[in-house]
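Structures incoming, each one as structure tokens.
Next come two complexes, and both contain chain A; in the first it sits with chain B, in the second with chain C.
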Partner chain A sequence: MSNFVSKEKLQKWAPLLVLIALIFVFSFANSNFLSIRNFARIGIASTPALMIAVGVTYIIIMGSIDLSMEGAVAVSAVLFATLFIAFGGSLASWAWLAVPVTLILGSLFGLINGLVHVKLKIPSFMASLSMGFVGIGLSLLVTGGDRIRVEDPLFRSLLTERYFGFPLMVHCALVALVIGWFIQCYTRIGRNFYAVGGGEDLAHASGLNVQKVRVLGFMIAGVFYALGALFAVAQIGIAETATGYNLMFVSITSVVVGGTALWGGNGGVWNSLIGVLIVNVINNGMIVVGLPRYLQDGVLGLLVIVAVVLSTDRKSLAFVK
Partner chain B sequence: MSFIKDFIEKETISRRNFMFATAAGLGGVAAMSTLGGRALAAGKEPTVAWSYRNRSNPYWNEIVSGGEAFIESIGRSKDDLVHLINEGSSEKSLADVKAILAKTKGNLALAIDTNDAPNARPVVEAVKESGAYISTIWNKTDDLHPWDFGDNYVSHMSWSDIGPAEQTARILFEKMGGKGAIVGLGGIASNVPAIERKQGLLNAMKDFPDIKLLDYQAADWDTQKANQIMSSFLTRFGDDIKGVHCANDTIGYGVLEALRAEGLAGEIPIVTYDGNPQAVELVMKGDIEATVFTNPHWGGGISAALAYYAAIGAFKPSEEPHEHREFYGPTILITRKDAEEFKAKYLDSVPKYDWKDFWGPANGQIKYG
Partner chain C sequence: MIPMFELKKVEKTFPGVRALKGVDFEIKRGEIVGLVGENGAGKSTLMKVIYGAYQHDGGEVLVDDKPVRFENPRQAMEMGVGMVFQEQSLISNLTVMENIFLGFEQQFVRFGLMDWKHMAEAARFQLAKVKLDIDPATTTSELSFAQRQLVELAKVLTLEERVDGDLVILLDEPTSVLAKEEVELLFKLVRELTERASFIFVSHRMDEVIELSDRIYVMKDGEVVDSLKADDADVDDIQHKMVGRNVDKEYYREEKQKPFNKDQVLVELDGISRASSYKDISLKLHAGEVLCLVGTEGSGREAIIRTIFGLNRPHLGQVSIKGEQVHTFKANEMVDRGVGYIPRERKIEGIVSGMNVYENMTLSQMGRHSRFGVLNLAGEKKLARKWIDRLSIKASSEQADCGNLSGGNQQKVVLAKWRSGGSNIILLDHPTRGLDIGAKEDVYEMVREMSDEGVGVILIADTLEEAIGLSHSILVLKDGEITKRFDCEPGNKPSLYDLVHYMV
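So, the complex of A and B:
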């Protein structure tokens, strides 16, 4: 068999095979699972997480980690909602400005995150975790603990308007994903992420300004977090401090399950798409087949381990930290 | 003496008596201060503190806003309320209390949710030891009672959610014509209110044999999670779902949006719990059939008020009957019929409460069983 399918190839496609296997198993258990309507539901649930996962993919490719997404999403969501309502409360008015402003704010948040990490020489783990708390605190300051409802039907059409059976937000997310893929493959900064992640010393010795790459990476991630926040608000119609809740776990799990290794240098945004879909198919499927709640967390954890085992090459690693 | 109790009773009888009582009350306070009530002898107003999970949760935000309203009622600034944030950690909760007891040398009026039941005893004992005053809400073990601690453990307030959750379930079933299948979404499975609200649903089902519960899943009080669970329910049960019972409003929002995504908002009746302002508006719109208001603003204010007035010696807790030491907080059912009236009364402007009317809105002595 090894003549036809090399081990690397199998590993490369393992996440997709896991996804197909999961869909097969759940469809077998309940035929309702295999329907456009259900795939649309999985799509809606996946959209915010996909944006966050794409953002953090770059950081993980660089061999760093970003844990600020919950704070970044919270602050982006509440600032977006506040501005949106202040500017008129409908996409048809000047409120559309809130969208670009939010994306810029997201990149600023990422900029600060990156500068704290690089200039103060704090490990990305700690720097981003702290910035996440800052974001939560900031969003709390804006809302005072309340929720902000965004009810503009035009904005909510991201959820309610459907093309080919899928809501508008799913299509928008796919466009963003393609942009993410373009950044990763066809821009200098995208290739530099791999250079830094594959061997930082080597990249530095070759004359690459590693610090700049890192800061830029966090900025781009920040824009995707802000996008994720917009979709999260479109999905629920509410912006609050808890908007980003649980997205840290889902997004990082998705990236790793999709086959992007935490030690950096490989993987990419398509892997993250597969990863997000795996996690959300599991979440959806477990309820569709009627698994009791006390089993769900355990099953999710086990499936994540299986997916990582199948999809990453750990032979070459001397040690795992 | 319990003049406060008389005060309240007489207030409702006649204005003349009311004025006498007031005079007596003022006299009482004055007498106590000259006799050297502990707090006043120190020559300083007691510090008022609220210890709770965090403010990003709308429920706790309401609780603390009540604490702030109370402290403004005694002529102090809102910022004078000390916030002890435990972030869901019982250890931090206890450490915070010990720290502020040391700082204030026991000249403290504390309102607190101790985060979990076993933590209440060490907190209360620490407060008693330093001679401060404490009112607790929600969490305490069944064997811990304010009357076992003299005056220092002023009161405990809790809410029983079984009855109101049963009522919302009945409203849901009646809306469905007494038959059909429902799904339920609960809170964090181990939380007392989550357990009680589910029990309320199950109790109501006993009287409606034609109602079938398809599945009940824990949505952890979370909107996003509820949203995803509801979408999955729609896949699993499709058109069989004729109604949804939610353990609180935040879960209800997630369910409603999952239905909206499918063009089903308003088609499938939903009942929720907590009576958040937005939920009340959704009841008025007809998106939600019913919710239950527990008046956290009043609960937060009155707990601080009880501890404070005990601390300054305005009443003696040990002379109060048991139903004034351990009592249920108010619950108000909100349906489409009365939502508008409710909104006008409680939400359009936060009602000004009489923070000396300690037990007026309360709901009877806590029962164990």
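So, the complex of A and C:
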């Protein structure tokens, strides 16, 4: 390789190159792929997953893992819908209050998640997986297994109102992403995630309150999960326990495909954006080229493995566990 | 003059161990105090009490004659006590400035946002104190070891602005990864900085402690056995106090070096080359020979050893083991041929802590201790007891957790692992790094015993003295090529100068 393109640079941009390559391949396979309408479709499908991925990015940067997102989204979605209807059922009335309340509830869910992990000293993997099930259970308790419809046209305008060809929710998600990037780069807590992921013992010995950083991390992630839940509800106008379905696989896969290392210390929310797009482009592309439905899940799994191979640096790892 | 920082009869007990037994320790303003002792003498416990990682459970810690108690490192920092850790204790994925202000970023937050410009300026001010001219936004992993050491020091010196009182700075083995010139620069800097702070200097290198310190505390078995002025100290005297007996003048066991068997070749490298690691290397290792590879870091020593153990393959040339040419470069292939590797990072590659002594010993040869995949535990334990005895490994039993053994004993377990499996080509990479004198002597004894039994040893020594003292032959490497070969018969060994001449 010439000196012009260094290996590190290539590594850094590899996920983006993978994304561009995928877009090329699918456009070549079917010219309908390359259209604003289709890109808007990808954007809509990506929006909830992007919020979840941004939240879990912080956790993964810390070297932990959070598997509670499906439960967190389920509980946030049904609580939001319940409150929304209880407050009058229209954004024009007091129902807008349901939005901030849901975000606060999301952070509370994250707080409990973090406290269970840190105070009871349960590995984040186990603590969050269990909390996810608690969330699923809570949402069932609220709905009794039913669906709650949210039909307020003003709220649904997140999906129906379009600017530059993309629905409002895509623009909102991009704003949230920029906020996420802001937290990552310009706030104390954001930088502390990297310190904890890079060397927890050293961070502690330098006077950093590592436990606090961890709990705050789970709280911020909880807010993003709640945001993801709002978009998921806006997408189909229904809140139910299954609202969170499949988001765990998609979000964590996206973070890894985007180039954030699972052992912590590097990566960021922009990587996660690329990752989410890679996964959703694969998903959408398979439909556009007309792959049978029953093949799609299997092919998605295989393509994700290929994407991880191409976009992450695994050379320096002697062992992987 | 009242000492600014003082320990009076400080006690620290862990379950089953009394780590500090009534330690008295004091440091005056602007003083440099040396702290020496063997591994396990209580140095690191004492340091941890001083910088707040441990809490003392008896006696008093006094700052300016007032008793204090540090619940965590942060409280110690707020009283002006800072620690410069050993190598690699900066978080390598963060920038230099983030590392310097880690845990104290609040001062740079404006309306909830980090003011990077302001932080960079402040970092530059701190870096100037240690005369390091680098961009504070550099990622720490890009710095050399020496630069990282200085960044560590700069980080601790931020306490100067933050606390009112005087500073006490602990330097833990700051020179272990530095080259000679870098050590001199560091010492000069520390002497200049005594206007700003007092220092506690911990090192295994006696000559350095004597050179830098004003006063030296010697620790043994959790007690301060002596405190002496550096001007009156000499190396032999201190070592005597640390070990509690006279250190053998025949440190490297030269009298036990016997000629090796010139007819039996164990390893032969014939003109092997590997891109960007080594070039055209030929050597022969005979039974009973200790062959030492000498060179600076990055001269290709490690890569050659790793090739012989099958961890990487040469691009050109031939490798033969016991007369047979090797084609597949895999570690398990080499283990089958009788090669054993004792790596430098004992904790990482050598032993599995959490597994006990016998499990570690038989790790590389489980096939031999199992039938149809089921392990013969009784046989394993018997073998382990035999080797514990043979190498006099200090472990409570073969069931003891390897992670809790001292460094020297871990090293012996690794050796037993290979020797008990019948390996007769042993590759030793820095076998004495981080060991104290007593444990080092054990390792030297071990090497001589292996030679007597016809084992061939390829050694990368920790110091040049060690290389000269231990080996039958020395190959000097520079930039991946052999520049000189020395025969080292007892009484006719090359001098340090002879070697250095070909190294750089």
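As a working rule, the second predicted complex is superposed on the first by the 315 of 321 C-alpha atoms of A that agree within 3 Å, B and C clash if a C-alpha of one lies under 4 Å from a C-alpha of the other, contacts with A are read in each partner's own complex, and residues count from 1 in each chain.
Criterion: a residue touches a chain if its C-beta (ideal position, glycine included) is under 8 Å from a C-beta of that chain, and two chains touch if they have at least 3 such contacts.
This one's a predicted model, so the numbers in the text were calculated from it and none came from an experiment.
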{"item": "Chain A as common anchor, with chain B and chain C clashing or fitting", "value": "fit"}
{"item": "Touching partner for A:12 - first (chain B), second (chain C), both, neither", "value": "neither"}
{"item": "First, second, both or neither for A:208, with chain B first and chain C second", "value": "second"}
{"item": "Touching partner for A:198 - first (chain B), second (chain C), both, neither", "value": "second"}
{"item": "Once both complexes are placed on the shared chain, angle at chain A toward chain B and chain C, C-alpha, multiple of 10 degrees", "value": "130"}
{"item": "Touched chain A residues, chain B compared with chain C", "value": "B"}
{"item": "Partner chain(s) touched by A:188 [first = chain B, second = chain C, both, neither]", "value": "second"}
{"item": "Contacts of A:284 with chain B and chain C, given as first, second, both or neither", "value": "first"}
{"item": "Contacts of A:171 with chain B and chain C, given as first, second, both or neither", "value": "neither"}
{"item": "Per-pair minimum CA distance [chain C against chain B, superposed on A] in Å", "value": "31"}
{"item": "Set intersection of chain A contacts, chain C complex versus chain B complex", "value": "none"}
{"item": "Complex contact set, residues of chain A against chain B", "value": "30, 32-33, 35, 37-38, 41, 44-45, 136, 139-140, 144-147, 149, 156, 159-160, 167, 232, 235-238, 240-243, 245-246, 280, 283-284, 287-290, 293-294"}
{"item": "Complex interface listing, chain C residues touching chain A", "value": "53, 72-74, 77, 83, 85, 89-94, 98, 102-106, 109, 112-114, 116, 155"}
{"item": "Of chain A, residues touching chain C in the complex", "value": "182, 185-188, 191-192, 194-195, 197-199, 202-208, 265-266"}
{"item": "Footprint of chain A on chain B - complex, ascending", "value": "55-58, 60-61, 189, 215, 217-218, 222-225, 227-229, 231-236, 238, 253-254, 257-258, 260-263, 278"}
